[in-house]
């Protein structure tokens, strides 16, 4: 795909924001390839995401950022400009269950997800072989019940070295300490195997089975210190019936987990998700 | 549709149940038009529902019931035989919001739902006119905050006179007293405007909006003394996004409420739902 | 809802369109409540739809149109400005099947669809009573096989007198003559009871049953002279199985027809649909 | 899972079929774990599928088959008894596009799909490496435009040696000759990347894009000599909009292709699909 600069911008709503940004781009000769706007009526916060064709601009990403900063200075906004030529890096944390990792690796191998994967980290060694078959380093970090702090320190170090744009908890069964949640704010994505806020916590399919629900789901959300309470990125569901055992639910649910995580991760890497409070705008 | 006898049957699972019932029907010359079976592995309970073409049997419904009782006596089962020529009666309880009632009346008027509606009861008079335009009696029973007991007594009396097969709470905003829940067990269907167990209680769309979910839903369930905790009959969802206001969610949700309630009611009237503990088997 | 002006605009893509429109609105003090943009990469056509809070502008709709025309003159665009205070008028054409009409009338009666309905026209009288119960005039125009031209002339006259923003073919079983299709271009919406382009023409549920598909659907589209070939506005599907008879498919399909038509009509009346060639942009 | 015998049975409908089979099983002491019945009203054909707990029967699969044959002799039925302890073999035919193969291999590797894969055959070598990383032999059979017959002969030989229960065309881009279709009847499954019967043949996503549909889909069907006309096993869809390019449709469609193929293949291997004429019963 042709190189693009992706502007994401948020500020208190007022008259003239769109005109300011659009005039800046028009004056520079930039072609807007995709644009989306939203104002949250409750908080009065304005959001926009715009993709600009890089070859239509007479300057590179650094000067783009400098000029954009000047142009929007008065708006007191928060913004980022992503250059699609910068490779995106993803680190994946796993445990024993492989379906989300297999799905992710398949998307990377087929070129659908064009990212670098500097590391996969598992608290069990089960998924080492498949990871390495894809030419990706696998790090086994055991999580002894009596010393999880040391294990998390090692995970933190490995993630820090990779400096990833996304840290994917692909059915990683350990609860992150609050400090890591804070350090990784806005970069750590979890896939929870229920339609949140239903069935928070452990064994959601078992909870769903006991309650007798007729649909089960999965939720991709940003990780926060409150378990399963972070901003929701994407959700989907699949129908189940009285003849579905817990094992059937687990199997059917996996297909939803995989696709919900894949969508959420793609949107995150394309800077399509703007977090505001505990909610997301997905452009 | 040609007349049918609908057998619903449940008993502790053992060898030979299917053979017993099938042999009884075969010996009588009965043609099975539709049949479904299920065994709950957790509780060891067997369920079946069978539709038999009435004209293939040499006896009527009463003798059918007498003979069937003898045939299955040793199985210690619970059963019913529904004669599709018996008209089904439905009473609807409403408040001010009309969408579920409109939808129900449209289905009755178009012949899709072939039932008698002896009464619609509202704690507000708003929906009297449309009900009466369909030739159906509307009863306004005010619910003063300081004397709900008397109001419920009047509702109970009206329902009792109608002796309905289904009592539909079509966005009826009053919580039934425990005694009525008990009296109406297995006949009272509620439509709750969320994907239970998410967002129990009041204003579920507001709760959904605040949590930032990406799908909203509706749940049709049998009424029990525990609010929104009864056996779930049917659920469905619809996608929402950051640009949907609470009013948008209310509007989109209504389409799900209508169709979920319509499916649940149809299945109930066709004896397709077998309740076991707090779960349903839907054949 | 507070009064809004809804701008819909299309023109050949070039640099500065967004800036031109946004600057015009900012200079006038207008608050943009909702905005969407799209460029069709194949045809190089730019589309936008913007809702502006009327009370933030110092002029009324007529002056708004005059000023907007001047502001965008150089862009050679096609545009409309809808004033949400102008009542929208909808005429419905029906035959014998009432489910889409019942659904529509329910939405109007409950206030969900805030429109005037100057006429319902049927080639059979079956739906007169329910229409009139809602206080809406019903016109029975018989369609004798040997003189459909005269019947269509009468329909044309009735529609012309109502001068509606939308002409809804709610399971109207007559094929419009080409001249009417042309006269009503962009205003006539049909609901076809299949997932187009599958099962064009008559008896789509029968076609679907014979082919053994596992999902059936419905399509809302603008009417053109080519039967079932007009620009698609909305589609949806529902699952069917081997145990669904044609009658079951008809019944299940109705729920999809109703909701697909309701969505399409709402979007049309809110000027959310921009037609380009044989495709639609739905903002 | 505990060993089971899976009976699939079809015959002209008559009174007493269920009783005959159920009595045979009850007399032998067999516990029915799952049972489904259907009668096609158009053709008067009866279908059933029953799973029996093997450990409740006093004989093995061969004697089971002999005794069953005797028990149902008079019914003139077609039947099979599958022993779940017999390993199932799947051969996959691929071209260059890997998403369906990746998905399949992930399901095999994670144990979700417990089958043997004696061979993957590709008309291009692109997917050799990933296949072999899973320990599965990959056969590259080039398809020169001027000698496809020889290539198909080699494919036939490889498939014949593997003697598989399922031959999966996982985006295999060659049209099978009629003779192979005949030889592989009921064993060859294709995944077509459209919601059939829409968009038969080549480049269905391009066709869908041009028509402006609002949902795209995928279809898993048995291969017959008529291209894309075989009995449909499973279908599903995903929503698309005006802002989706053909490339977006291809990407979104892949997720549907994968899951539709996975469901269809699982049902096929569990003998859940009974073909009758050009339609399927899926139990």
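A few remarks follow.
Every chain is named by a letter (A, B, C and D) in the order it is written, and numbering of its residues begins at 1.
Assume a contact is a pair of C-beta atoms (placed from the backbone, for glycine too) under 8 Å apart; a residue touches a chain by one contact, two chains touch by 3 or more.
No experiment lies behind these values; they were computed from the predicted model shown.
When each chain is reduced to the average of its Cα atoms, B sits farthest from chain A.
Put simply, the C-alpha centre of chain C and that of chain D have 41 angstrom between them.
We define each chain's centre as the mean of its Cα atoms; on that basis chain A and chain C are separated by 37 Å. Of all residues in chain B, those that touch two or more other chains are 34, 243. If the chains shown are joined wherever they touch, the resulting network links each chain directly to all the rest.
Put simply, chain D touches chain C in their complex at residues 38, 40-41, 195-199, 211-215, 217, 231-237, 241-243, 245, 278-282. Of all residues in chain A, those touching chain C in their complex are 15-16, 18-19, 22-23, 25-26, 29-37, 39, 56, 239. Across the interface of their complex, chain D is touched by residues 34, 97-99, 102-103, 105-106, 109-110, 112, 130, 133-134, 243, 251, 254-255, 259, 262 of chain A.
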